[in-house]
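Two complexes follow with subunit A in common, the first pairing it with subunit B and the second with subunit C.
Entry: the complex of A and B
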């Protein structure tokens, strides 16, 4: 455990450049997963009511 | 101020349990020397004054006959929940009702055909809807206005040329623009639904002028719009039975959408905002505990110099 945390510290958190890069990367993955999860939740709650659920009836 | 408080309470303020303060304060009361009869007189006067005030207020409220209006009952709309979106099939049917019934008199000048795309119609359908209408455009190179079929970017056409023409055609009453009517009326979509389904015979004593109808939900009761929605007044494209209440429900949902086109996005944002802010609150709470723990667990000792 100590080995892992010191590896992470030395490779990511020690230098500002890698730390900033890690922030940017983490934000990308967090934002995508958070956004998709909340969209999924909204679609689940409103199953059958949204336009995307009924549009196949009207598209040729 | 601080000096007089200090004089009254003395060191009692600094003590954790201050039994001294309450006993001292009660001795400053000016009613202690009153006789029993005087106390009874004062309290009787107080009760009488309060009762008279309440009576006057109640009598005043009871004669406000101008406030006599029927408030629409709250209906269980399926977009009413805190995370519930509009029913877009109902919005689509409501557009059909608006187009075939309401649009004969009511304008909707803040809604364009492009707004329907992705909400109730596909792009091709919205284009076809727009092309059914003749839009006045111009001027051309000779300075004349001309008519052309509608485009996606056109707003819904006005049934009358101007407000005066609308009044002249409707016994002097102006059919309001319906774009934001749900936000503009007390009760919102409940009011629209109740108004459309609430026509009845005028009770005895109500005098209606020529071209007026009785609707208890309309402030004043006399409305210049005749009942417009009846069973089977039109046929829905998706086969839903077109009862009068179904028509009213669908058109109210459609008007809810035109008044609040951001309705669904707003409710989607509730989920996202709740998620993000609960994360941020947890982090803030942790940092607060982290920073304060050294202060909160510290013990200060006073060591007088020997």
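Entry: the complex of A and C
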């Protein structure tokens, strides 16, 4: 366990350059997942109210 | 208790106080400790010179750096229990802090990194929102392009469409019209432009129907040159939309357009 945390610390957190790079990389995935999750949540809360849910009633 | 008899003691220049065994006798003589300073010696020999040197325990006994107050805090204050605020790995007094150093730092940096990621996401969202507010809105974009079915326009007819709030003339030119316009010598024109420079396909003329004089809408198939005629001030345009007679200074404007296939025209 100590070996793993040392590896992580020395390879990522020790240098500002790698830390910043890790932040930039993480924000890429964070943005995508956060957007998808919030979109999913919005659709779930507004189930049946949005155009895409009632579209089939009006278009063929 | 302030009484005139008490106060009179202090107001008198001299006092003779007799003890009456009820009140303590005020001391009328204050013995101050006499400040003893060593008399400077004449430095005549090395021995007397050495006597002037500050030997022994030299200390600062007055000044701003010297505390004038001593508080024995350990005697009356209980030291709080900070163990809730301390990392588990170093709570024990025998634990080596260097062993858990990396994992403790990892945790700290992970929290800082999570904050950075969230802040970067929020900053990007704000910047994107402000930048996208400068771009064209959806209703403008919806009007930005117009698609026209060419089969609906018979030959020799000019049809008017509305495009970006302006009239758009699309003219299906006949072969004799094309021949006439291409034969016009460019040097004789006010705004010299050959017919080939104004059309992509010779049979289709696409111009914006706004007179270049003062912005009236010209009438199709009218005027001396068989093209467009502006009724406001009498500007005559030919079947290529070029100014031939009247006050207008320039030819009718040709917008950007393209033919995606043989039967469709997209303007914008």
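Quick note on the criterion: the second predicted complex is superposed on the first by the 55 of 60 C-alpha atoms of A that agree within 3 Å, B and C clash if a C-alpha of one lies under 4 Å from a C-alpha of the other, contacts with A are read in each partner's own complex, and residues count from 1 in each chain.
Assume a contact is a pair of C-beta atoms (placed from the backbone, for glycine too) under 8 Å apart; a residue touches a chain by one contact, two chains touch by 3 or more.
All figures in this text were calculated on a predicted structure; none of them were measured in a lab.
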Next on the checklist: On the A-aligned overlay, A:46 touches which partner chain: subunit B = first, subunit C = second, or both, or neither?
Outcome noted: first
Checklist entry - Between subunit B (first) and subunit C (second), which does A:55 come into contact with in this model arrangement: first, second, both, or neither? => result first
Item to check | First, second, both or neither for A:6, with subunit B first and subunit C second | outcome: second
Item to check | First (subunit B), second (subunit C), both or neither touched by A:26 | outcome: second
Checklist entry - Regarding the shared-chain residue A:34, is it in contact with subunit B (first), subunit C (second), both, or neither? => result both
Next on the checklist: Using the superposition on chain A as set up above, list the residues of subunit A that contact both subunit B and subunit C.
Outcome noted: 34
Checklist entry - Given the complex with subunit A, which residues does subunit B contribute to the contact? => result 78, 83-89, 92, 118-122, 124-125, 238, 264, 267-268, 271-272, 275-276
Item to check | Parts of subunit A lying in touch with subunit B, wherever the complex brings them together | outcome: 34-35, 38-39, 41-42, 45-46, 49-51, 53-55, 57-60
Checklist outcome for this item: The answer for subunit C against subunit A in the complex is residues 99-100, 102-103, 105-106, 109-110, 113, 116-118, 120-121, 124
Item to check | List of subunit A residues in touch with subunit C within their complex | outcome: 1-2, 5-6, 8-10, 12-13, 19, 22-24, 26-27, 30-31, 34
